[in-house]
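In the two complexes below, chain A is the common chain; its partner is chain B in one and chain C in the other.
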Partner chain A sequence: MTKALKINKSAEQGVIEFLKALLENGKVKGVFALKKISNDGAVAYSLITKPNELDNAVPFYPLMPVNAGKLLSRFTLKGSSIGPVAAVVKPCELRAFIELVKREQGSLENLFFISSTCGGVYPLKMSVNGTVEKNLTKYWDAVKKGEISADLRSACKGCTEFMPYTADVTFDLIGNNDPDKQCVVFLNTKKGEEFAKGMKGEFLKKELDRKKLDKFKSKREVEKKKLFDEIDAKMNGMDGLIDIFGRCIGCHGCMRVCPICYCKLCEFESPDSEYKPSNYESDLKKRGGVRVPPGTIYYQLGRLTHIGISCVGCGACDDVCPVDIPVSIIFKKVGESVQKMFDYIPGRDVDEDIPLITFEKEEFAEIEE
Partner chain B sequence: MSKSKDNSDGKAAVISAKAGVKESIIDFLKKAMDKGVFDAVLIPMRVPAGDSFAYVLIKDKTLLKDGVPLSPIMSVQGAKAVSSVTRLGKGKMKIAAVMRPCEIRATIELSKLGQTDLENTTLISMDCPGVLPMSDFLIDPEKNIKIFNEAVQKWDDAIMRPVCQICDKSSMIAGDIHIGTLGAKKDTFFIISNSQKGNDVMDKLDIVLKDSIDSWQAKVKNITEEKHKKREKNLKDLKSKIGGLDNLLDTFSQCINCHNCMKACPICYCRLCYFDSDKVKHPSEDYLQRAEIKGSIRFLPDTTLFQMGRMMHMSLSCVSCGACEDACPMSIPVAQIFSMIADEIQGLFDYVSGRDLDEPVPLVAYKEEELHEVEDAND
Partner chain C sequence: MRIFLLLRLKKKNLLKLKNRDGNIKKEEEYMPKILAFLCNWCSYAGADLAGTSRLKYPPSILPIRVMCSSRVDPLFVLRAYLGGADGVLVAGCHPGDCHYEKGNYYTRRRFAMFKKIIEDVGLESDRLRLSWISASEGHRYAKVATEFTEKIKKLGKSSAKSEIFL
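Presenting the complex of A and B:
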């Protein structure tokens, strides 16, 4: 039996109280969480050190302005955190961070992870005109009932990895019948138990309700299949790829917001990928015309090859694409098929090696033959 | 490109366009390819799925008929396309690049910054009615192409991007050849040469530059004045909205650091931006210290600093093309803000970005007698 803490407050309030207590009793030096940062309701990840600043925090806000895994990597890139910091992150953000740590782009040391069963987030576009704010009641209603909220990002609608693997504590949000009055925090690790010591609330011995979550998962599975089938129908050979990616403007925003794409200089922005006049000339001997700049699909496929094995399906790429290409669904679909070959779930366990850097002699003999 | 300062009589020809202006422009390009004046043409084409337009370097003349001289959107700024083809050398092909005036101006800026080699490239611009916002266009490409074409007929900019609506350089001639459709009689357009290179093209095509462009100039003057007025008003309103540090921080509060603006910007040519470099990556104690001073910091911090930094780096060359705003996933009016600052800073140096290839970028041109008032302020 896992230990759990029942707090007689809503999840949003409960997590803030939890975080305040951590700061106040000196268990952490800082808190990393979503916070309202402007009068017009912009929400951004913030590093908070003073308890009263938590009044504007909205840790479970249904929005992912940036994948937090990317930000935690930036925070710990030059060495692990000098003091304990509590980070409230979504399951996919935590998984992304674990993948980055495997790539030596961050450190887990001194970080305390608070996550939740995640109901998904809205498209970033909806935060611009205040629609997210207006939808909050609807959102929490759906989460309470264990349903998929309408208007979520497609990456979230079809996400079946909504439970964190390695969080120290997990707030159970999905299917929580009484979310306005109480919430339950599962204390998954020793650290989690220790951090929860002395908190207001009732300590229980309890397990996450698998049945409830499995029911939710099956709803997500249905959505996922729909999304994958749609892409399947379109991604038909080279022509299909040209149709899907033809409107790509080459901004590489997908790569820039991708938590896994950590390269300082992408191969596809390097001199190696640059066309010389002679390349254009020789291409034009073979074809009547060349798209300029070239390499639109080459870039997408290249990135797919580079990060597919670690793609956590967070959907950040969709959010940022100025021409609405369903990048995340394509990457998630291809990513999963590669991950399955190696029985690998990105971000499940920091000690699990990335398949592509692990040599196993007895592997894929069928391909050799 | 040696520039003639005077674009009046004797530099233009009236071309008959009975088959339609677009078709006649394509015909002009085709003839030029037939005669070997150009080996290839860089021009927007509709992508196979029909939901966008992309620059294509065409060598096969039969493809020219699908060229779209005035595409309804700016998916990639043309200067980036020219730079992709010529940055590493002028190449062996003689290329005609058919682009909008702001794309030509950006190309000229990139040339000054060593990012294009224009020796074998002829820049051809057209009077520009603006382009549709990318996000609007994508809702229904087919319908929006029609709407755009109708708006072009009426020269109505109400549906164009905000930064296009206040563009007072939409007929500015900076390249080698300009195609003027404004003020032209029915079924004709003006072809205006603006350089020796342009003159040579005309000679080879037996186009005699003998016609007056008075009616074009008059119409352009009208439109430019109108747009300029609107520009002054809109930018004044914008300034009152974003002026002061608090407003500025609020304006950029939605920025998610994707740097799409920078990637779409034709002027931001750096391979690795300072704001993506190691210089902006700090140890955790630095972040925590900063957070402790203020109680809380946004993470990543320095979002507005990136915007200000980029502005410092490129606003002298900003051509107000609007590519940044189209690419911003958070609908921040980046192009309007940058355009406003560009006006002011370029005005300080009596500089207009991309106006003339021979005009050096002010920051690389030292003048002893300049900006004394700034020096005095520190005495």
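Presenting the complex of A and C:
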């Protein structure tokens, strides 16, 4: 049985109270969470050290401006952060961070993870004119009932990994009947229990309600299948790929926001991948024409081969694509199929090796011909 | 005038060569282009042995020597494929025989993953082949080259070859 803490406040206020208490009793030096910038729905991740700065924090806001895993890796890149920091992150962001830690791009030390069962987030574009703000009540209603709210990002609609794997504490949001009055926090780790000591609320022994989560998962499963089937029908051979990726303007935005793409010297940005006049010439001779800018399919499939194995399906790439290529669905679909080969779920466990840097002596004999 | 003569001479020589081979007709037959990444320690030596043993295999293979089969980034293969290679062969030492002890185990995993990705996006994964060829297996190299060429011939030209919008 996991220990749990019942706080007689809404989840949003409960987590702020929890964070404030952590800051005030000195268990953490800083808090990393979403904070409101203005009233029209713009939010940003912030590092906060003053408890009163937490007043307009919105840790469970249904928006993901940047994948927090990428941000956390920024200030833990050279080792642990200076003081203990409590980070409120979504499950996919946590998994992304674990993947980065495996690649030595961050450190778990001194970080205290607060996560939740995640109901998904809205597309970034909706945060511009206050649409998210207007939809908030609808969103929490759907989460309360354990339904998939409308207008979510497609990556979130079909996400079946809405449970955090390695969070120290988990807020139970999905299917929480009384989200305005009370919330339950599950203390998954020793650290979690220790940090929750002395908090206001009622301590219980409780398990996460698997039944209700499974029910929710099956709804997401249906949605996921729909999305995958849709993309599967389109991805048939070279013509299909050109149909999908032909729109790409080569901004490499998907690469820049991808939490797994951490290379500073990206192959696709290097002079090696650059098309020189001589390349154009030889291509023209060979094919009788060339798309400008060239190398779209090479870039997309290449990135797929590089990060597909660790794709957490956070959907950040979809958010930034200016021509609405369903990058995240493609990456998630192909990614999951290769992850399955190695029975690997990215970000599940920090001690689990990335499949491509390890091997077993007897395996994949059928690959060799 | 001198240049003109030279050109004529060249042309003549070329014709002569063709005639001597006596297989002008055969040249019109479709011969695929296969890029082969051969590991320095086993497969490249195996290919060498096939040559010095005067074994016959189709002239479709363009070998590239790499220090280890695990040096082959999937991007190399992808680039070759999109660049118009009809087939790509990656060859290394037999499992357990790697010069660097475990390089080919990594290759195997990576290749399995890459093949799956290519399959998943609907491209022809049959155009990719991974083979273990040791330095003493000249015969095996010739066999692999022949077999793979036949297979690619059956598949025909790669769809990426004439595609403009890549």
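Here, the second predicted complex is superposed on the first by the 364 of 369 C-alpha atoms of A that agree within 3 Å, B and C clash if a C-alpha of one lies under 4 Å from a C-alpha of the other, contacts with A are read in each partner's own complex, and residues count from 1 in each chain.
Throughout what follows, contacts are C-beta pairs under 8 Å (C-beta built on N, C-alpha and C of every residue); 3 or more make two chains touch, one makes a residue touch a chain.
Keep in mind it's a predicted model, so treat the numbers as computed, not measured.
Could you say whether A:Trp140 touches chain B, chain C, both of them, or neither, answering first, second, both or neither?
neither
Between chain B (first) and chain C (second), which, if any, makes contact with A:Phe60: first, second, both or neither?
It touches nothing on chain B or chain C.
Is A:Tyr344 touching anything from chain B or chain C once the two structures are fitted on A? First, second, both or neither.
neither
Tell me the contact category for A:Phe186 with respect to chain B and chain C: first, second, both or neither.
Touch status of A:Phe186: no partner.
So which one touches more of the residues on chain A, chain B or chain C?
Partner with more touched residues of chain A: B.
Return first, second, both or neither, reflecting whether A:Ala44 touches chain B, chain C, both chains, or no partner chain.
First partner only, chain B.
Mind working out whether A:Leu241 is in touch with chain B, chain C, both or neither, as first, second, both or neither?
Once the two structures are laid over each other on A, A:Leu241 reaches chain C alone.
Name the contact category of A:Gly289: first (chain B only), second (chain C only), both, or neither.
Both partners, chain B and chain C.
For A:Phe171, decide between first (touching chain B), second (touching chain C), both and neither.
Once the two structures are laid over each other on A, A:Phe171 reaches no partner at all.
Who does A:Phe113 touch here: chain B (first), chain C (second), both, or neither?
In the superposition, A:Phe113 touches no partner, neither chain B nor chain C.
Starting from the residues of chain A touching chain B, keep only those that also touch chain C in the other complex, and list them.
Shared contact residues on chain A (touching chain B in one complex, chain C in the other): 239, 242, 246, 287-291, 294, 296.
Touching residues of chain B toward chain A in the complex: what are they?
My answer: residues 40, 42, 45, 47-49, 51-52, 54-60, 62-63, 75-76, 80-81, 84-93, 134-135, 138, 249-250, 253-254, 256-260, 263-264, 271-272, 276-278, 281-285, 287-288, 291-292, 295-300, 326-331.
Would you tell me which residues of chain C are touching chain A in their complex?
These residues of chain C touch chain A: 74-75, 78-79, 82, 84, 95-96, 102, 105-106, 108-117, 120-124, 129-132, 144, 159-166.
Considering the complex alone, what residue numbers of chain A touch chain B?
29-30, 32, 35, 37-40, 42, 44-50, 52-53, 65-66, 71, 74-83, 85, 124-125, 127-128, 239, 242-244, 246-247, 249-253, 256-257, 264-265, 269-271, 274-278, 280-281, 284, 287-294, 296, 319-324
Where on chain A does chain C make contact in their complex?
Those residues of chain A that touch chain C are 235-242, 246, 267, 286-291, 294-298, 301-302, 304-306, 308-309, 330, 333-334, 337-338, 341-342, 355-357, 359-361, 363-364, 367-369.
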